[in-house]
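Labels run A, B, C, D, E and F following the written order; every chain starts at residue 1.
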Amino acid sequence: MGTVPLVHDDAAGALALVVFDEIRAARGTDYVNNFWRALAMDPDLLAATWARLQAVMAPGTLDPLTKELIYIAVSVTNGCGYCVHSHTAASRGKSMTPAQHAELLPVIAMSAQTNALATALQVETDDRFQA
Amino acid sequence: MGTVPLVHDDAAGALALVVFDEIRAARGTDYVNNFWRALAMDPDLLAATWARLQAVMAPGTLDPLTKELIYIAVSVTNGCGYCVHSHTAASRGKSMTPAQHAELLPVIAMSAQTNALATALQVETDDRFQA
Amino acid sequence: MGTVPLVHDDAAGALALVVFDEIRAARGTDYVNNFWRALAMDPDLLAATWARLQAVMAPGTLDPLTKELIYIAVSVTNGCGYCVHSHTAASRGKSMTPAQHAELLPVIAMSAQTNALATALQVETDDRFQA
Amino acid sequence: MGTVPLVHDDAAGALALVVFDEIRAARGTDYVNNFWRALAMDPDLLAATWARLQAVMAPGTLDPLTKELIYIAVSVTNGCGYCVHSHTAASRGKSMTPAQHAELLPVIAMSAQTNALATALQVETDDRFQA
Amino acid sequence: MGTVPLVHDDAAGALALVVFDEIRAARGTDYVNNFWRALAMDPDLLAATWARLQAVMAPGTLDPLTKELIYIAVSVTNGCGYCVHSHTAASRGKSMTPAQHAELLPVIAMSAQTNALATALQVETDDRFQA
Amino acid sequence: MGTVPLVHDDAAGALALVVFDEIRAARGTDYVNNFWRALAMDPDLLAATWARLQAVMAPGTLDPLTKELIYIAVSVTNGCGYCVHSHTAASRGKSMTPAQHAELLPVIAMSAQTNALATALQVETDDRFQA
């Protein structure tokens, strides 16, 4: 029902299978979700996107759950329903509690609201905010 | 230079002054930034927005810096330059390090990228992601 | 400072001059604002855009000020600073009062907020809302 | 099918039930639409959002239908399908005629179009548009 | 299931039927897709949109497939699922190969990514980029 | 004036200097534009972004100018002024003519317009568009 067919294991080439196996190993599940199966329409794009995602979402000075919450926030703002679903699920997999989910949403909504107000008012940036 | 004049203290009515004073007290500074001075074109809107922001950004199951990072992420995605500046400054005021800032940006960028891919592919939501 | 130079009257071709004169006549002013002077990089695009705008914004079952307020709302949401400025000015030219402006902004902001919430929750459309 | 379950009356806590009853009373119907039932995942967020919506959408210097049309315009621009459906239905409930609906759409579309053109041209704001 | 019913041939007025026939003739098919049948809720809007689309998408200094790819890119960025589907299909009808589709997607995704980075950094425009 | 300082050569570390030199070599100019100097706040992000951009924008089944036009289209739709400027300049560097520029803009604008209409109408995807 997408713009490309999903690539199932029996139709996947060698590179796509390598990535699918990496996804399974990283997540400890046999399931490969639709995003990666659609992206396999181009194995190079699949491999590059998966590799970059692993690098970006790895623990660092920000913890993995914080990164997932930020991912949800961007996905909501871009209106990507699939992404909202998949990263909400991923956040739960990284121990997001219902209370944290409930506290995330008004932050996103408040930002959307003041973004609109600042844009409507065309507020000029205060000198002290500039680097 | 905005669509409304900034309201300075000497032109502000009683309600706006109360909010300006709350802003100063909450932040421990005499400075009231342009967003609030523009919003004072409607004192009720000013008061309601400030009150709600305080409630939403208060510490809870998510810490204040995490909330600011989420605010930056939404502001970037909405393309609100003023908001990006003010919440980057606020994050620094809440002890965001340069390393954290540097780690935030690729998460936002990665999300923007996979949001676009998922939308271009019109990926259908996996059953297991649904609540 | 844009991506194309502004076309001033002395450099404008015949078609652009006709449109510039229509703009002046429609508005009762000698001033042609920068949008139209930039768009004159392609006189056909200039003429088609101006003609369509006149048709769309003409009084009908919605009055001209209502149409300008809707235009502001879309421009804010798209983050087009120029458009927010020009249509806020146009709304004032069509008698928008400061009270109306102050009442417009929270409607835009409230919508931005509940749009974000509905997207974050991935709310399914109620059957009764469908045509 | 959303990211959270809908909260039906028999599972709702006291605060959520109060809001559900206010929604029913305000609209003269027993039906509470999915948005509010999803938002009830956090009763405080539900109550704050409902209260603010009532305040913002109340008749004032802009009439209720004008406010709904603005809400549709923002929802379309943000790409929130649920919101487009619910506020189109709400506009009909506030007596939007098919002719008004047909006249609203090209205003939204025209704005989207000139927003894109102004952004592509990076038109600088005319001095006379600034407050 | 949209916000307006689709207008089928037997319910269409004279103007809508003329446009439907033009669509059929231009595409060499009896099928008129849902967008045009929904837009027929306002025959004037239908006619104006179809006429403008034909003018804009005609071969010129950019070839028709390039124009369709640009249309996909904008539709993805605006998050319009219907439009992504219809213009991906149209691109295939204009001989877009799977390899071209696979090469289009990372350009869109890369742009989304650097757009986010440039906005997060609030990079100032280099003098040499200005017209 | 951004959210981070620009990194000039004398303050750049070894990795950033390598990337700056690659940028100079690839473009045949000594000039490194502000985006890369801001991104050098994180040399790893700088290097990863530059490497990926080179891979994505390389000639393939789509020619380099077509890719730049697509980049402009996405940047316009995301409202990234810096990006619109830099990729319009890059397109000129890849021989975009004024006529091509003038033909690109209405395609972007037309798409923005029909995206809005399809979203306002909540048009359902035709079965035949699905992969």
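Following the convention adopted for this analysis, a contact is a pair of C-beta atoms (placed from the backbone, for glycine too) under 8 Å apart; a residue touches a chain by one contact, two chains touch by 3 or more.
It should be emphasised that the depicted structure is a prediction, and the values quoted were computed from it without experimental measurement.
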Inset, instruction - Name the chain whose C-alpha centroid is most distant from the C-alpha centroid of chain E. - result: B
Legend entry - Chain pair repeating B-C, as identified from C-E, D-E or A-F when over half of the contact pairs by residue number coincide: D-E
Inset, instruction - Would you identify the chain whose Cα-based centre sits farthest away from the centre of chain A? - result: C
Inset, instruction - Just give me the whole-number Å value for how far the CA centre of chain B lies from that of chain E. - result: 34
Inset, instruction - List the centre-to-centre spacing of chain C and chain D in whole Å, with centres computed as mean CA coordinates. - result: 21
Legend entry - Inter-chain centre distance, chain B versus chain F - centres from mean C-alpha coordinates, in Å: 26
Legend entry - Of all residues in chain D, the ones touching two or more other chains: 1-4, 41, 45, 48-49, 52, 74, 76-81, 84-85, 88, 104-106, 108-117, 119-122, 130
Legend entry - Contact set on chain B toward chain F in their complex: 79, 84-85, 88, 98, 101-102, 105-106, 109, 116
Inset, instruction - Write out the stretch or stretches of chain F touching chain B in their complex. - result: 3-4, 41-42, 45, 48-49, 74, 78-80
Legend entry - Residue ranges of chain E touching chain F (in the complex, touch as defined): 1-4, 31, 33-35, 38-39, 41, 45, 49, 52-53, 56-57, 60-62, 66-67, 69-71, 73-78, 80-83, 85-89, 97, 99-100, 103-104, 106-108, 110-126, 128-130
Inset, instruction - Flag every residue of chain A that touches chain C in the complex, lowest number first. - result: 72, 76-77, 79, 81, 84-85, 104-105, 108-117, 119-122
Legend entry - Contacting residues of chain B [partner chain D, same complex]: 1-5, 48, 52, 55, 130-131
